[in-house]
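Have a look at the structure below before the remarks.
Per-chain numbering from 1; labels A, B, C, D, E and F assigned in written order.
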Amino acid sequence: MNLIGKSGIAVRKVRRADPAAVAQLAKFGVATIHEAMGRTGLLAPYLRPIYKGARVCGTAVTALGHPGDNWMLHVAAETLQDGDVVVFAVSAPDDHGFFGELLATSFRARGGLGLIIDAGVRDISELGEMRFPVWSKAVHAKGTIKATIGSVNTPVMCAGALVNPGDVIVGDDDGVVVVPAAKAAEVARASQAREDKEAATRARLKSGELGLDIYDMRGKLEAAGLKYFDELDQVK
Amino acid sequence: MNLIGKSGIAVRKVRRADPAAVAQLAKFGVATIHEAMGRTGLLAPYLRPIYKGARVCGTAVTALGHPGDNWMLHVAAETLQDGDVVVFAVSAPDDHGFFGELLATSFRARGGLGLIIDAGVRDISELGEMRFPVWSKAVHAKGTIKATIGSVNTPVMCAGALVNPGDVIVGDDDGVVVVPAAKAAEVARASQAREDKEAATRARLKSGELGLDIYDMRGKLEAAGLKYFDELDQVK
Amino acid sequence: MNLIGKSGIAVRKVRRADPAAVAQLAKFGVATIHEAMGRTGLLAPYLRPIYKGARVCGTAVTALGHPGDNWMLHVAAETLQDGDVVVFAVSAPDDHGFFGELLATSFRARGGLGLIIDAGVRDISELGEMRFPVWSKAVHAKGTIKATIGSVNTPVMCAGALVNPGDVIVGDDDGVVVVPAAKAAEVARASQAREDKEAATRARLKSGELGLDIYDMRGKLEAAGLKYFDELDQVK
Amino acid sequence: MNLIGKSGIAVRKVRRADPAAVAQLAKFGVATIHEAMGRTGLLAPYLRPIYKGARVCGTAVTALGHPGDNWMLHVAAETLQDGDVVVFAVSAPDDHGFFGELLATSFRARGGLGLIIDAGVRDISELGEMRFPVWSKAVHAKGTIKATIGSVNTPVMCAGALVNPGDVIVGDDDGVVVVPAAKAAEVARASQAREDKEAATRARLKSGELGLDIYDMRGKLEAAGLKYFDELDQVK
Amino acid sequence: MNLIGKSGIAVRKVRRADPAAVAQLAKFGVATIHEAMGRTGLLAPYLRPIYKGARVCGTAVTALGHPGDNWMLHVAAETLQDGDVVVFAVSAPDDHGFFGELLATSFRARGGLGLIIDAGVRDISELGEMRFPVWSKAVHAKGTIKATIGSVNTPVMCAGALVNPGDVIVGDDDGVVVVPAAKAAEVARASQAREDKEAATRARLKSGELGLDIYDMRGKLEAAGLKYFDELDQVK
Amino acid sequence: MNLIGKSGIAVRKVRRADPAAVAQLAKFGVATIHEAMGRTGLLAPYLRPIYKGARVCGTAVTALGHPGDNWMLHVAAETLQDGDVVVFAVSAPDDHGFFGELLATSFRARGGLGLIIDAGVRDISELGEMRFPVWSKAVHAKGTIKATIGSVNTPVMCAGALVNPGDVIVGDDDGVVVVPAAKAAEVARASQAREDKEAATRARLKSGELGLDIYDMRGKLEAAGLKYFDELDQVK
């Protein structure tokens, strides 16, 4: 049954990704992981970290709320375990400040590592001092009410990506990526392979070798029709 | 008489909020003050500080200008007193860099603490080094002219909020809030009460207690129709 | 012949601005240079530096690519000399992450100082650690392909400004400005003149003198119709 | 007392602008009226009519609601009289479809002429067939709830303009303007004067006379420094 | 297996929703159907019809392409049957004109009724004359290439909604809604029930009865704290 | 000398494109012409016609103004000849209503066919009744002043494209394209060739033939790696 966008459901237990795989993924950046997944899994780039150098890797506890209503973040708090990251979606675009340092205190006390929120956040000075990482669509002091129920730990559409409870969430200065729980180990391996390969390339580039040669591009460029000229004035 | 948006008026004296109340308000964050005012008074969240950790609390000297014309900022400078914050509105949306370090030097010399501007600003490196806080809609190097008169110290509509000269302006990383001068003391008291209450809640949340229990939400959630399931698979 | 927007051309040699003039321009901020050019030359303010305090001054190596395709950045790398800044335009609006730390390593190894890109960038944590300055329209982890040819070292329209290969590019926290190669020395002189004049003004402003008096504005304001009132209540 | 943005108040009686003045204003376009008011009173241009040729002139019944909640539109309906236009503001930016043909049927039955809404609308085909004019920020099929109270017939900030109950609202293809009730007759007269003057100018322009001569601009352009050249090649 | 966003797959046969249910759904508007589905299924409101009065109801043939590349629309054409609507998603935000009257001619010849495209379209005059309905994010004359493969008839994320091949797509002036194939009959019944109920309400509203009474809101408003005043001046 | 963005110059005579070539170009749509120019020349798609079916083809008289100042439109009027289209650029982004029916009356009396404006326009009902076509960035009733000089008949950057006085401007429902005067005849021929070719393709598509076969795409798709499956369930 399709539960995306459906309100009224709170699920207590989450089948989280394998902790060993999560620990492996924690070593890689968002760009690397998204590449290792065949360029899938990115949340929309309008989600930005509230401080430079923010970084998180954990398992998703999901919540769906409504504009201006953060009630479900409290329901989500009860289902948190060590190593979780809350992923909060809203049923319609909204920039209220759904989350601040009080809820961050609660999340951290229950094991929560951070928050991904397709809406606004406030108290960002305090959150920065706590080093509680949040990726949000907006910073807005405007407070929310607790009047309408949404859902907790059902699949959500957050910033254009589908997130299932238990999936791995990685965030850094480049943005946020979601790794399906079942693929965590495989993606960690592919990420490592990519990093290994890049290390070799990096050394060659650092020595002044060109990508044109390393990746053998010259013939392809010529085949594609690129014409070289010595001077701009020589073009036709 | 409705003076909002009206050009051609410069008022020399401002009835500023009570200094003791301003000093009280300086202790609180924008989110707290906005809550203490019944969730009113916020300027639009597109106003962002030019550096992290920017903070200001002072009394408003207001100015209204026109697109690409910063003449009125010079007129405003003459009316500044110690502890003032300039609030600058534009008669139509505009992103020019109306303000830079020269004007900041002038404002500071006359007692100005900072600037709220519904337009662009430049020299932000220098302003950051001076620790002169500015909340602006844009950063833009483009300069302005001095050709058309606006007004100074009349009521202005700035970033969607009505600001009267003498009102208290508080800015931090979360944004900007305006407190009517006559309400400054009352809002300071309500802010303190809110902080006191939050301190108690924070301690409970930090110990792992849940908002669900602290705020007695369980019955209300059930009444609202929230259904709990142990596993996602059990939903229908 | 109009080569703006035309694909398929790679030019090897660039007629760069005079190095002495470039070195002079390196002393000034973007706002000052744009003023010294009669308020021309600014790229659109949506280009933002990836870290605070980023700063670059160098000669333009230009590239034109297509949405989601960063092939031409590799072609551009081969034409880099010490002191160059790559200016990358895209044939249609696009936010992919065209550039990361591998390409930055390559650019730096070939003499490149930085990048201006009318699109997205990734690996911004690593680029920040390298202190490799980039001004971009977006931060996005999404990777690109290498399938369609564009051009290198032809005139490009980047963020609303025309950039010719060899022009001087200056970037700082305020944005980016392009100085035509032939005007570099003249603009450097005008920038110095402006700074000298501003130093004198700054000292007067710092002492509390008003712009109203320094710039002799009082008569002009009166002529323009500005009416002074002592109190707001006195306005009609 | 400042009631802008305050929830919980419903006012039954509205002091409407003088009907004769409203009837006079109905003859003029939005641009003319805004000019006649000294270029004030316009609502933000993101409000667009749902069909070409929409036009309304009436007295404001105001309502303030919350994101995704259209309850107050029903409260407002009870206070409608013949010739009223509902002006609906939301406490935070929101694009839900707050209004459709059922509510339009109700408004019309009670005397309502149209709606100005700083949010979304739906059923626009049906509303177009009914010729019920609406100016909105968005078209969106998404429905709203009725859970949180706002206010009715208090002053509201709608699309950046202050609207008091009883003010005159005029909307056409160019947008929406609000005329303070007390100024309705004066603005109607000034609008007529402007139209009379424009009729004379129009005739002269139609005959081929130039604005340069009609408005006597040639000397001013020269004084401002405009230089004429016969050919582009002659410029410097 | 999760195929959303995956390139390289073309599926020939689509399990389309029951034609009788599709025919039933064709009688209802987008707003009604979305309500009948518990307020789910809407595509983002930035998709707008290219002409007023556009309307479509059919079964989805899906395609995924890349920025500036419309190759997959040709692959999709081969799988069209009478009554299909093409739903086109792009792997990254893009506004190119992917579709014009030639492709519309092809689609129509193969049985296609219309297009939903999360990108740009061109030839809109000609498409309007053909009465070939398109809902798009942009109108843009810029043409596309055919260089990179995507997928056809796999699940796609289009304008924020998940669309499976064979689902029912309904579009009108209010936007676009997707009905899962398996739920088409049920949603059609619920839509009819809603319309029946609305017809009765409409008649009462038309006679001047108020929603306050029809929906029995007066007690709830009082319980929620709404205070009535006769005059605005009486408010505290 | 680079005159783009430079104020203070008014050029009386324009070297217009050959009238025969302009007449040829008038037969083609914007999309066709842009294709015939190698996909160059389009102005940004945010320029939209003020009424459906608007269409213009003429020679450019250019003007550069400043935010909120339409003075140069009057200077431009004097240089109009039969068959001209005014192209108006602004020195910084701005949405004021620079143009209305009075100026349209003047332009038409002097031979002007239409207006392309990278800013706002007003009186759109009246302009629609006059069938005076305008492509603008915004519709806004807000009026402008006449205080600062710009330029007339110098090269301008309008909506991201370079327009020289005398170039051919074509506008339709798809947007606006500029054809360099010297290329007008060549582009008209290439447009005709494209239309002839499309006519043949259209007939084949109308008969049900597929683009896949007409353009011989099947082998290329296979080479690019597209895999066909009969059913979605068969995909791995």
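In this section, contacts are C-beta pairs under 8 Å (C-beta built on N, C-alpha and C of every residue); 3 or more make two chains touch, one makes a residue touch a chain.
Predicted model, so just to flag it, every value in this text is computed and none were measured.
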In this assembly, which chains make contact with subunit C and also with subunit E? A, F
Going chain by chain, each one touching the next, work out the least steps from subunit A to subunit E. 1
Euclidean distance of C-alpha centroids - subunit C vs subunit D, Å: 41
Interchain centroid distance [CA atoms averaged], subunit D/subunit E, Å: 30
Based only on mean CA positions, could you tell me how far subunit C sits from subunit F in angstrom? 28
What residues in subunit A touch two or more of the other chains? 39, 91, 95, 142, 148
Pairs of chains in contact here are A-B, A-C, A-D, A-E, B-C, B-D, B-F, C-E, C-F, D-E, D-F, E-F
Which of the residues in subunit B come into contact with subunit D in the complex? 2, 4-6, 38-40, 91, 157, 160, 162, 180
Residues of subunit F touching subunit E in their complex? 29-31, 34-35, 39, 42, 45, 48, 52-53, 172-175, 177, 198, 201-202, 205-208, 210-212, 215, 217, 220-221, 224-232, 235-236
Which residues of subunit F touch subunit B once you look at their complex with the stated criterion? 66-68, 91-96, 142, 145, 147-148
Touch list for subunit E against partner subunit F, complex: 1, 3, 8-15, 51, 71, 74-75, 77-78, 95, 97, 100-103, 105-106, 109-110, 120, 122-126, 128, 138-143, 146, 148-149, 153-154, 165
